[in-house]
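Across the two complexes that follow, chain A remains constant while its partner is chain B and subsequently chain C.
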Partner chain A sequence: MMGLPIVIIITMFPSIMFPSPTRLINNRLISIQQWLVQLTSKQMLSIHNQKGQTWALMLMSLILFIGSTNLLGLLPHSFTPTTQLSLNLGMAIPLWAGTVITGFRHKTKASLAHFLPQGTPLPLIPMLIIIETISLFIQPMALAVRLTANITAGHLLIHLIGGATLALMNISTITAMVTFTILVLLTILEFAVALIQAYVFTLLVSLYLHDNT
Partner chain B sequence: MLQSLIKNVWIPLKPYYTQVYQEIWVGMGLMSVIIYKIRSADKRSKALKASSPAPAHGHH
Partner chain C sequence: GAHTGSKMVSVIPVKEKKLMDVMDVKLGELPSWILMQDFTPKGTFGAFQGSYYRYYNKYVKVKKGGIAGISMVLAAYVVFNYFPYYKELKHEQIRK
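Now for the complex of A and B:
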């Protein structure tokens, strides 16, 4: 029971890194963050119509949260909330359900028509509807498990290779190669930001398909 | 103090919470139902395991 409140504080910690703009012209940190957020939001919301662009706040908060928690998790001995499947499911299920319900509410016929691609031969129709339904319900699971597995696997690899380097320190020459592997792996892992791009992009595609068609 | 904080959060975000995120609230309700089902099933299986001390190896 004692652990639960602390994990809430740890999860809320990255929001301290993003001060909110108070003036017309802010200091350098806030200006850089503002520019980055505007760049990302313009890129991300360009394919939506007016109804889809009301989700701008949610999508930008999502990408900032996942990006900052993943990047802060690369520091040694830090805790990454996104390695826990519970948090990723808690993010994926409400957002995916929101997009599906939005599609059903505003464009009922078009949402139901997604279950049957055009031009399928008549005998295949029942099988294909079952397959499309399964692929729809797997979307939130895939979103959550993809994020969890990628971040956890990266952290695990860093732990293992770092431990191997330490153990091999007494035997030289091999140490240099392993250390270089760690360096390259860490740089590649800093494309955890690319992963949150993948997360938000996938969520975005889902929103686009369900809402706007 | 709490009221002034709600005034800083709720008043600017009122159209989001009331109109835009309606479907997300429904999704959160769905998620809470799923969590409730999983918790109750877990509690039930733990209570069952605790109340039957005889080790049962081949129960399917």
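Now for the complex of A and C:
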């Protein structure tokens, strides 16, 4: 739909909205962002032990990137990079693989023991190992497809209902109800930020399981 | 001492003349000013960096800054995104 160089500029655009703090007490924009980042990082990193907390920069930059990209996609005519499955797969697969490999390197026996829950009857063991392997390998696919599908579906709904409102403007009474549906839908869609939280939380749960247990 | 001092004096005004000319250049001189800029990667990156800091220091970094500083950037972003879609949106005009 758009030329390739413009997509690169638009993907790098949200980084302009986050200036880096230079002083002890900054202007309002940086202070608000600092407060939000500290609030989120404290809540998110409280689960991890020493080793898991080295991932703090990665997780915070992930939530900032996905959150700002999704919120900027709600502006009219804007392009959201996270609607493309390629970008989400490119984010999901390396991060998930990193957590799995970290778990295998440091706690090999415990990571392999994930494939067999305790107390299973003996005839069921081969089938259960296959099921657990499939559920492990489907994690990155689920991460990427969940993000893509949610944001694409939200944008598509906004387009369709907006088009329906424009077409119904000749018939007046129905237009008001449809317009209110658009407004409510946009407000709910502004919980795209909640979707980022879902993304990072799922990544977080995976990291937690692989580093602690 | 004196030789290096004169060398510094001769380098700095030339660079400042190029940068400050964005606000001072008159509209008739614009093509010649564009040809005067350096188009190396470092030069273009310096131009973007300079414009970012000038906008930031003037509109965002004030003591009682409100939403106005960021809203101008977002409005410019919306207008910037309108242009690639113009050909597709031309069919959806409401004709009376």
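In this text, the second predicted complex is superposed on the first by the 211 of 213 C-alpha atoms of A that agree within 3 Å, B and C clash if a C-alpha of one lies under 4 Å from a C-alpha of the other, contacts with A are read in each partner's own complex, and residues count from 1 in each chain.
One rule holds in what follows: a contact is a pair of C-beta atoms (placed from the backbone, for glycine too) under 8 Å apart; a residue touches a chain by one contact, two chains touch by 3 or more.
Just so you know, these numbers come straight off a predicted model, no measurement behind them.
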item	value
First (chain B), second (chain C), both or neither touched by A:I6	second
Partner chain in contact with A:A97 - chain B first, chain C second, else both or neither	first
Which superposed partner A:L24 touches (first chain B, second chain C, both, neither)	neither
First, second, both or neither for A:T54, with chain B first and chain C second	first
First (chain B), second (chain C), both or neither touched by A:S78	second
Set intersection of chain A contacts, chain C complex versus chain B complex	none
Touching residues (chain side chain A, partner chain C) in the complex	1-3, 6, 10, 13, 16-17, 19, 27-29, 72, 75-79, 166
Chain A-facing residues of chain C, complex	52, 56, 60-65, 69-70, 73-74, 77-78, 81-82, 84-85, 94
In the complex, chain B residues that touch chain A	16, 20-21, 23-24, 26-28, 30-31, 34
Contacting residues of chain A [partner chain B, same complex]	54-55, 57-58, 89-90, 93-99, 101-102, 105
